[in-house]
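Data block below; observations after.
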Amino acid sequence: MGGYTWDFSAITRNWDQLMDGLAVTLQLTGICTVIGLVGGFLVCLMAMSRLAPLRWIAVAFIELFRCTPALVQIIWIFYCVPFFFGVFFDPFLMAVLALGMNITAFNAEAYRAAIQAIPSSHEDACTALGLSPLKKTVYVILPQALLMATPVLLTNTIGLLQQTSLVAIVAIADLMYQGKTLATQTYRPIEIYTAVAFIYFAFSLPLSQVVGLWERRLRSRLA
Amino acid sequence: MSSSFLNVQGLRKTFGGHLVVLDDINFEMQAGERVVVIGPSGSGKSTLLRCVMGLEKIDSGRIELEGTPYIEANANRRKDNFVDIAVRNKVGMVFQHYTLFPHLTVLGNLILAPMRARGEARASATDRAMQLLRRLGLEAKAGAFPGMLSGGQKQRVAIARALLLDPKIMLFDEVTSALDPELVTEVEGVMLELAEQKMSMMIVTHDMWFAKRIATRVIFSANGRIVEDCPPAKMFSSPSEPRTADFLKKVLHVETIS
Amino acid sequence: MNISAALGFLWEYRQALLIGLGNTLYFTALGLLVGLVIGFVVSVVRTAGHPLLKLVATGYVEVFRGTPMLIQLFWFFFCLPALLGVELGNVFSTILTLSLYMGAISSESFRAALKAIGTEQRDACIALGLPGRVSVPYVILPQTVMRAVPTLLSNCVTLFKESALVSTVGMADLMYQGQMIADSTARPIEILTATALIYFIIAFATTRIVTFYEQGYLARMRL
């Protein structure tokens, strides 16, 4: 390793370009996180609904997005949506669509697992206390489900942050794309790619620490 | 060397050096005795049994079986206790939560230690195990996994697993506490049968009627100390310590049982 | 769209798709094999190892779970050979990336399974006089593996899906072949849908095995 001379000026000179990419990455992650948190809960409700067709649609949606590579989903949507609908959406919008649906499917599963983990004795207790189904859902089931789903939802968000890098392949100027461009422009792939990895890591690590903290708290609270 | 069968001397056990669970416990037991330990929760009853089994690191004291010390606190508190494993292996224990190995069948649970730890041939271990299961009415369950058994059956298997190692003394740690009431008698029945065969036992239980029935001696412990140690007849009719009387009154809702 | 025409078109390219699938499975299988070994060793080190080794192992897991696999791939393809000053070979770099990624995610699964074996089981081993040479292979290891299998299988599905990324560095996996055919024939819909379906069938079947195992085998054992 000693043979290589590091040159960090490739990073410092192009810092603004990397930060522009980071802004796109964070925008994508932020928008899709919100979509996933809300959409995931709705799809989860559908998947647990009494109406069979509603349930089928939701389960098919979840399984389809969970069982195919995110890259395939992105490429498929970029190639095939314009073909089917005859319109060219803005690439950023298409990326939001693809990643948003992906995270929605994963979050729906997280919500579902959390709701199923609530002991059925709580349902009975609610009935015994005379809580209406709506009140039961809002005051007893939902808060517990959120509490238990949070570590998984956060982990999914970390996953999403990393999945956003796939949009570089369809030429959206995110952090990964800027890194790729700079790596070829500056002939300094080692410095650039290492810096890019560091930036992703710097955002993932605190989140994963929060997950660990939350899980420990959850264990002691629900023990 | 004392002539007693089990001898606990100056046993002290703390958690983290601050919380004292057992404080200078001294007691002796003769072969064939059945000592039931009673007392309020947190009085260290279970911990005492776990120390005798060698599951806990003790702060000071020593424990002897048939005159041989097999557990001894190390003067250097950071170091592990001295444990004579060969002697400790003469002690058997049954736990509240069965602790059967879920991935092995009933027979597999029974013969694991004889075969793998003591080098007994599979045929011989299986033979002895089946005999024991037959005696306990569990022959039909030999091939079943623990998850398929009732609590009472699991606990009887756990007793059989310990007995197959020919222990000199058996420790029972609240073995009926996790059971449904109608399953308690089948487990207690096995213990009474062992009593008839003069097995030495130390029992921790919350069931005072069973304690009275099986014990040859009852120890009342509170705050990590032995408060009273006497035959069951005296313990349950006229305890000499006010704390014992107070405790029995609370758990039995009557002055004494007869 | 005419279904039979689409199927006829796909049939013409079956060979190319099969070669891609073969490569995908080959990369995934090798990544799994090496990754599982790394994962197990790392989990043992993190559970009971020297503090310094623990720190290294934790750092490894955090970095590989905290950065996009795309950047890991680029790093091992373009940076590592330059740093070491040796040619690593594309297949080697591919499998190295997949293995290290699998090692990081599976170590968490092994660790959770190791933790889940209660102290009660260890007490029972002492009470039965089982020495470590008996309790580890006959009591601890079988229970760890049985508990870890569902999450490990999910890890396998994740790796299988993530392996689609190797197409971006020009490895001729299923995704790469699909995109190549889509570009050269200008009929992306049929090919990309077929590619997605192939991924889906394999991943979905594996997740069903997980459910079957959990509901059947593990439930029977009450592990």
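Remarks
Note that the chains take the letters A, B and C in the order they are written out, and that residue 1 is the start of every chain.
To be clear about the criterion, a contact is a pair of C-beta atoms (placed from the backbone, for glycine too) under 8 Å apart; a residue touches a chain by one contact, two chains touch by 3 or more.
Bear in mind that the values here come from a model prediction, so they are computed numbers and not experimental data.
Taken pairwise by the contact criterion, the protein chains link up end to end in a single open path, with no chain closing the loop. Taking the mean of C-alpha positions as each chain's centre, the chain lying farthest from the centre of chain B is A.
Distance from per-chain Cα centroids to the pooled protein Cα centroid is smallest for C.
We define each chain's centre as the mean of its Cα atoms; on that basis chain A and chain C are separated by 19 Å.
Taking each chain's centre as the mean of its C-alpha atoms, chain B lies 47 Å from chain C. We define each chain's centre as the mean of its Cα atoms; on that basis chain A and chain B are separated by 53 Å. Of all residues in chain C, those touching chain B in their complex are 120-121, 123-124, 126-131, 134, 138-139, 142-143, 146, 219-223.
Interface residues of chain B, counted against chain C in their complex, comprise 50, 53-55, 85, 88-89, 91-93, 95, 97, 99-103, 112-113, 116-118, 145-148, 161-162, 165. Across the interface of their complex, chain A is touched by residues 62-63, 65-72, 74-75, 78-79, 82-85, 157, 161-165, 167-168, 175, 178-179, 182, 188-189, 192-193, 195-196, 199-200, 203-204, 207 of chain C. Those residues of chain A that touch chain C in the complex are listed here as 1, 3-4, 63-64, 66-73, 75-76, 79-80, 83-84, 158, 162-163, 165-166, 168-169, 176, 179-180, 183, 189-190, 193-194, 196-197, 200-201, 204-205, 208.
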